[in-house]
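Some structures are shown below for you to check.
In what follows, subunit A forms one complex with subunit B and a second complex with subunit C.
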Partner chain A sequence: MNSTAPVTTPTAAPLRRGPTAWKSGAMQGRIAARYAAERRFRRTGLAAVLLSGLFLAFLLFTMVGNGLRGFTYTSVAVPIDFAASPLTVGRDAFTAPDADQQLAGAGLREIVDFAAEEALGADGAALISENAWRIVRDELKANPDKATQRGTFALPVASAIDTAAKYDGTADAERAVTALREKGLLSTGIHWPFFTGADATDPAVAGIWGALKGSVMTIMIAFAVAFPTGVLAALYLEEYAARNRWTDLIEVSINNLAAVPSIIFGLLALSVFIQFFGICQASPLVGGLTLALMTMPVIVIASRNAIKSVPPSIRDAALGVGASPVQVVFHHVLPLALPGIMTGTIIGMARALGETAPLLLVGMRAFIGDVPTGFCSASTVLPMQIFLWSDQVDRGFVEKTSAAIIVLLIVLLSMNALAIYLRNRFEKRW
Partner chain B sequence: MGGTTFILLMLVLGLGVVGWLSARVRAALVSARGGSRLHSLPSYHGWYVALWLAVPALLFLAVWSNISPALVTNDVLASEAAAKLPPAGFQRSAILGEARGVAAGDRPMVGNPAAGPLVAPYRTAMAKYQMIGVIATLALLLAGGAYAFTRIKPDFRARTRVERVVMVGLFGASLVAILTTFGIVLSLVFESARFFSLVSPAELLFGTTWKPGTGPAVPDTFGAIPLFWGTILIGAVIAMIVAIPIGLMSAVYLTQYAAPRVRRWVKPMLEILAGIPTVVYGYFAALTVAPAFRDFAAMLGIPNASTESALAAGVVMGIMIIPFVSSMADDSINAVPQAMRDGSLALGATSNETIRQVLIPAALPGVMGGVLLAVSRAIGETMIVVMAAGLAANLTANPFASVTTVTAQIVKLLTGDQEFDSAKTLAAFALGLVLFIVTLLLNIVALRIVKKYREAYE
Partner chain C sequence: MTEAEQSVAPENPKMTADNVDIFYGEKQAIKNVSIAVGTDLVTAFIGPSGCGKSTFLRSLNRMNDTIAGAKVTGSIKLDGENIYDPAMDVVQLRARVGMVFQKPNPFPKSIYDNVGYGPRIHGLAPNKADLDVIVERALRQSGLWDEVKDRLQESGTALSGGQQQRLCIARAIAVDPEVILMDEPCSALDPIATAKIEELIHELRGNYAIVIVTHNMQQAARVSQRTAFFHLGTLIEYGKTTDIFTNPKNERTKDYITGRYG
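Coming up: the complex of A and B.
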């Protein structure tokens, strides 16, 4: 035993210890305690994972629970007799370019209110939405024959009545709903104006199409600017750039831009795009440019990773058969890296699509009651619509907000699913 | 003007295509007739001609569309009708703008009688400069195209020239990142300098009262300490108390314990959590979480409980950050060499002991770097705090009370109805500058830690 004593401590007493008594009660107890700690630790880890899953489930459940009814609306069947109370305009007014103004001036609203009072009682005009006549107008425009006959129209009820029909409303509204139900006039169905309309102060006609179209146009601009710039910058940095200070500066600024808070891009856009260049405020153009600056670093980083993963042998082979450096990159490296680049780009675009903060600062939070027509017309985007509706006091907007969130999440999830599909389908492992 | 520009653009692009096709054909013919081989492929000759056609014309169009309005205005001001205009100022520019709108056909009729006589001069000036623009563009198109077309010869190095243009394009694209960075820094610094000429930096950084826009009777006070405190309380304290334990434990479980099948399900779930837009988290915080916390606080009898509490915003922000912390911790734990883990297990340590005493200490720098990045993200987050944390600048440690943050105040200051030059809007840029510097420092430190630690194990 002496020969195995540590050399460094020659003065220490020789270590004498028998074999460990693994079977002893004390040892068994320690092992049991260690295993118990192991189990506890493992369970804590599982609990952490489950907790995040639970948060996600709770969030989605809340949104779906609140939002599903936002896609429906209560309407009441009202007969309108255009033969008895005719409109003051002729048939060609329905196809005229300014049909909306002509019909608004032709007393349509009064006719609809009158018909509601006839059918539903003295307070009938208050039971239907103040915008119900617009629904009638659109139906007449689609089918002008109806404008001279007697017909039954499903008119959206007032917001308070809709709330009472779906949940608990005020006592007055509840009474009205009970009365209408007894007559069998109420029906609830998919609310198409929600998919075709723009923002409005009345939940009966407020829709997401204006915001969705604004989102699509904004993203188109962002893509058209950020994708070519990002991919070309990545090609330059990965394939051609010499290692020098200048390249380092570019790399550092790209990495930092990827981590700059999004609201800073809003400040940049406000002072440069709007104050300095005077680009049309609150438009998809300026919003798209802002988001492009924000997404470009993400695209550069994803593209560089995709380009890096193309093996050098491909480049060597192409150079070997006489291709020029530009031909090597554009004929061989870029096509092979494209699936990876597209995956990164789609994920970046999905992030841009859900972004709100920088767009708040370029004026896109204004109330826009029309569907945007051009890249320079005032517009809003879907996340902004959600933000604006979340501030509304009217109870009817709670479900509209959640319904808009459902639409946004579906769009984002399908974009991410597309990215994952592209990755699995086209990405090569070398 | 817009319509003409569009037609010209289409014309330039169309002629570019025509030039490309015809130059290709010509290059092939030249080589076939002369019997000598081309230096460059025919398509490079095509690109050469197309570039000469399109680039000068497009550059001219870009410059022209910027300077021609000024030329038009000059012409109009020199005309007789302009003599009666009021002196320079808001009224004058309003009249000019209206006359221009009418002349361009953007507006139906003249509302301001003073603008009426100016419409005709505007029309003539516009027509004149439009004509000049069209002719110059066409001349440039033809000259460039003809010049390039005559250079098509077998030994002409079209490929080298085209590739040089491509390289310039690539380099230009990579400059956009630098330009953006400079743009951010310059605009923030410039506007902040204007703010600091009105309010001293010391007041902003060390003042404890934040009351902008209280009205003309009371002077604005821009002491941002309550904002900084709110930002730290929500982003660096409450959110991290939620995100670090859950994120770290998730990463440990996923890398060390979970079966591959479980990982296949949990990873996408975390990605979904990370992909949910912040406005949705904000709505969730405001609609569901905040009222629940307020009721809870009221039940405990805590004073100042508010629907817009720091706790609600912080907790939801923490949930949002979980996937980020988890993936950073995941990377760091995976980067620890397998030998260290195997060695610990071989000595008889349980997995739990190995993780706690070997893996996590070894991965700690990486985890710390990830946490710093997460903090930088949390303090720059806007929508959750705008929707759930409120706008009252309170200096309080009570998490159930309402606090405000730097980002929420930037939004509030810039979405009101005041003119751009007021101290209030400039204050937003000063806050933005502070936010930018702090996040930049956090990012630089974090990336350095992560990089150093990676090198240590490679």
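Coming up: the complex of A and C.
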């Protein structure tokens, strides 16, 4: 340390060498090989990018191609004369809390079928969807004046007719479509029940809203549970816990938890939440808790990395003016780590949103015909709805499946966009 | 220790260290150091790299507490109170003994919030107007006011290196400390910024006890009235700066300040 002698090695003879032959053939060959390696690497990289772009384009093309028609439905214009064939209930039935039951018992279905036979011929009732009367019911509820007049209603056609109108159908259906087209009664429009309804056996009324709402509620529960727990655990481990064997053990366990297959979390949730605690099964509550179990380790890992990347000089600065450790954490470390924490959390949440396996085991696989009304009501989620619809043989459900995939992808892409926005918005430089 | 004991003690000591040993785990970084730091004086700690001068400095406001395995024995007193006493509140201690670090480390907040942070968390400013006064005074004292008065809401990290360091000094003096510890405050700065900081140290001298660690012996000679020379964890010589630089009593001090090693 305190030596001032110059660094020399007097015993070693100076190395003598002729001038380097930069222009020799061997040297030129090495240069050419270097450039070739460079080109090869660049081409391989480009090919990889093109290949993934191709996959994405193919996915989008098939999804959008199939799915867009899932958002539309064919309807037929049918005049219904409520003056000639009146309903057997009074006007106040339309606004009663049990309006649906009252109208179902008031012969509305028969009136609609009769009107269809009048307008479209003897098999008219078979041409319209068996749920067409529900559409009429909803329209009457929205506008009770129509219930006593003659009016024209756009009724959804039967699934087979819709398929024949959009693609190729059976010979009978094709004939019926041709006949209706000649009369100018068919029209195609956005299928609103798809955006407001829940699952159904008839594609004419099957909707995505039930599953979408279920997904949103499930994710809300998962976020509310996993985010605070995960962030607090990460803060404690990074800022307070002593480095010893126990914290090493906890760290290894958390990393392992993040790698556990999601179906295992489903089994855990089944035995703990449903069988032990008796939480309402198939509900967004239990689904959200299950996904929270699965997402929390991811949030802990992302948060720890974000907290680690806050420079120690900021902690020193805050401690140096007399901030207490809690003040250091909440005034400085957490705000600086937040963009990273949020990005990690949203990516974890997006993964949870697309998760199916663990939810199979807590009962969210069931056919749920109603839009969930609360955190404890039976519900399904988007990926599960896709799974259920893809199992159906009806052609109408094939396009509904693709449409549901588009909805799921839009939700996922918006979440990722939000993650990027938040990261850029709150990122601070030092 | 004999050399240090012979040295001039300041007339009214602010901080007194007696037989201090500092360990990092098994390794002893500071061996039996006793020193008194005077009020109204700038004390410079000099010595070759790894001699423990920064470690010792950090023990004066217990910043070593944050390092796992660091242990301090002996006594360090601030106005006669042992700062390692369990009854001593470390948060208050660090407000009374402020610190400026080697690398400028402003918070990634506005200039105003950087300076106002300390007074705010210690409740020194009951309202916004009081805080405005404190911030302005601290920035004026650190010679930064004229440069930043029109952009107090801009980020502190957008300033130049020298301005950042003066901002850090303003942040330290905003809580009205009694002692300011500076850990090589100019090592990351250019000569002009360094000159400004040295000038600032001169101006602050009357109000605070200042302890500065420096690698730059000219700087120690320029800014300090007392100099302590550390080597391999021991205090070799401590005395008036003029004596240390013109008439060192110890051979190793003499070798170091004449550039034989370092």
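Operating definition for what follows: the second predicted complex is superposed on the first by the 380 of 430 C-alpha atoms of A that agree within 3 Å, B and C clash if a C-alpha of one lies under 4 Å from a C-alpha of the other, contacts with A are read in each partner's own complex, and residues count from 1 in each chain.
Rule of thumb we're sticking to: a contact is a pair of C-beta atoms (placed from the backbone, for glycine too) under 8 Å apart; a residue touches a chain by one contact, two chains touch by 3 or more.
This structure is a prediction, so every number in the text was calculated from the model and none was measured.
Of the two partner chains placed around the shared chain by superposition, subunit C is the only one that A:His332 touches, whereas subunit B remains out of contact. In the superposed model, A:Ser324 lies in contact with both subunit B and subunit C. When both complexes are overlaid on chain A, the residue A:Leu361 reaches subunit B alone and has no touch with subunit C. Judged by the touch definition given at the top, the superposed model places A:Gly45 against subunit B, while subunit C stays out of reach.
In the superposition on chain A, A:Ala259 contacts subunit B only, with no contact to subunit C.
With both complexes placed on chain A, subunit A has more residues touched by B than by the other of subunit B and subunit C. In the superposed pair of complexes, A:Pro144 makes contact with neither subunit B nor subunit C.
When both complexes are overlaid on chain A, the residue A:Arg315 reaches subunit C alone and has no touch with subunit B. Contacts of A:Gly107 after superposition on the shared chain: neither subunit B nor subunit C is touched. Taken together, the two structures place residues 324 of subunit A in contact with subunit B in one case and with subunit C in the other. Residues of subunit A that touch subunit B in their complex: 34-35, 37-38, 41-42, 44-49, 51-53, 55-56, 59, 62-63, 66, 228-230, 232-233, 235-237, 240-241, 249-250, 253-257, 259-265, 267-268, 270-272, 275, 293, 296-297, 300, 324-326, 330, 350-351, 353-357, 360-361, 365, 383-384, 386-387, 390, 398, 401-402, 405, 408-409, 412-413, 416.
Subunit A contributes residues 1-4, 242-243, 311, 313-324, 327, 331-332, 336, 428-430 to its touches with subunit C in the complex.
Of all the residues in subunit C, the ones that touch subunit A in their complex are 48, 50, 61, 63, 66, 68, 91-95, 98-101, 103, 105-108, 117-118, 121-122, 157, 168, 171-172, 174-175, 255, 260-262.
By the touch criterion stated above, subunit B contacts subunit A in their complex at residues 159, 163, 166-167, 169-171, 173-178, 180-181, 183-184, 187-188, 190-191, 245-250, 252-254, 256-258, 266, 269-273, 275-284, 286-288, 319, 322-323, 326, 350-353, 355-356, 373, 376-377, 379-383, 386-387, 407, 410-411, 414-415, 420, 428-429, 432, 435-436, 439-440, 443-444, 447.
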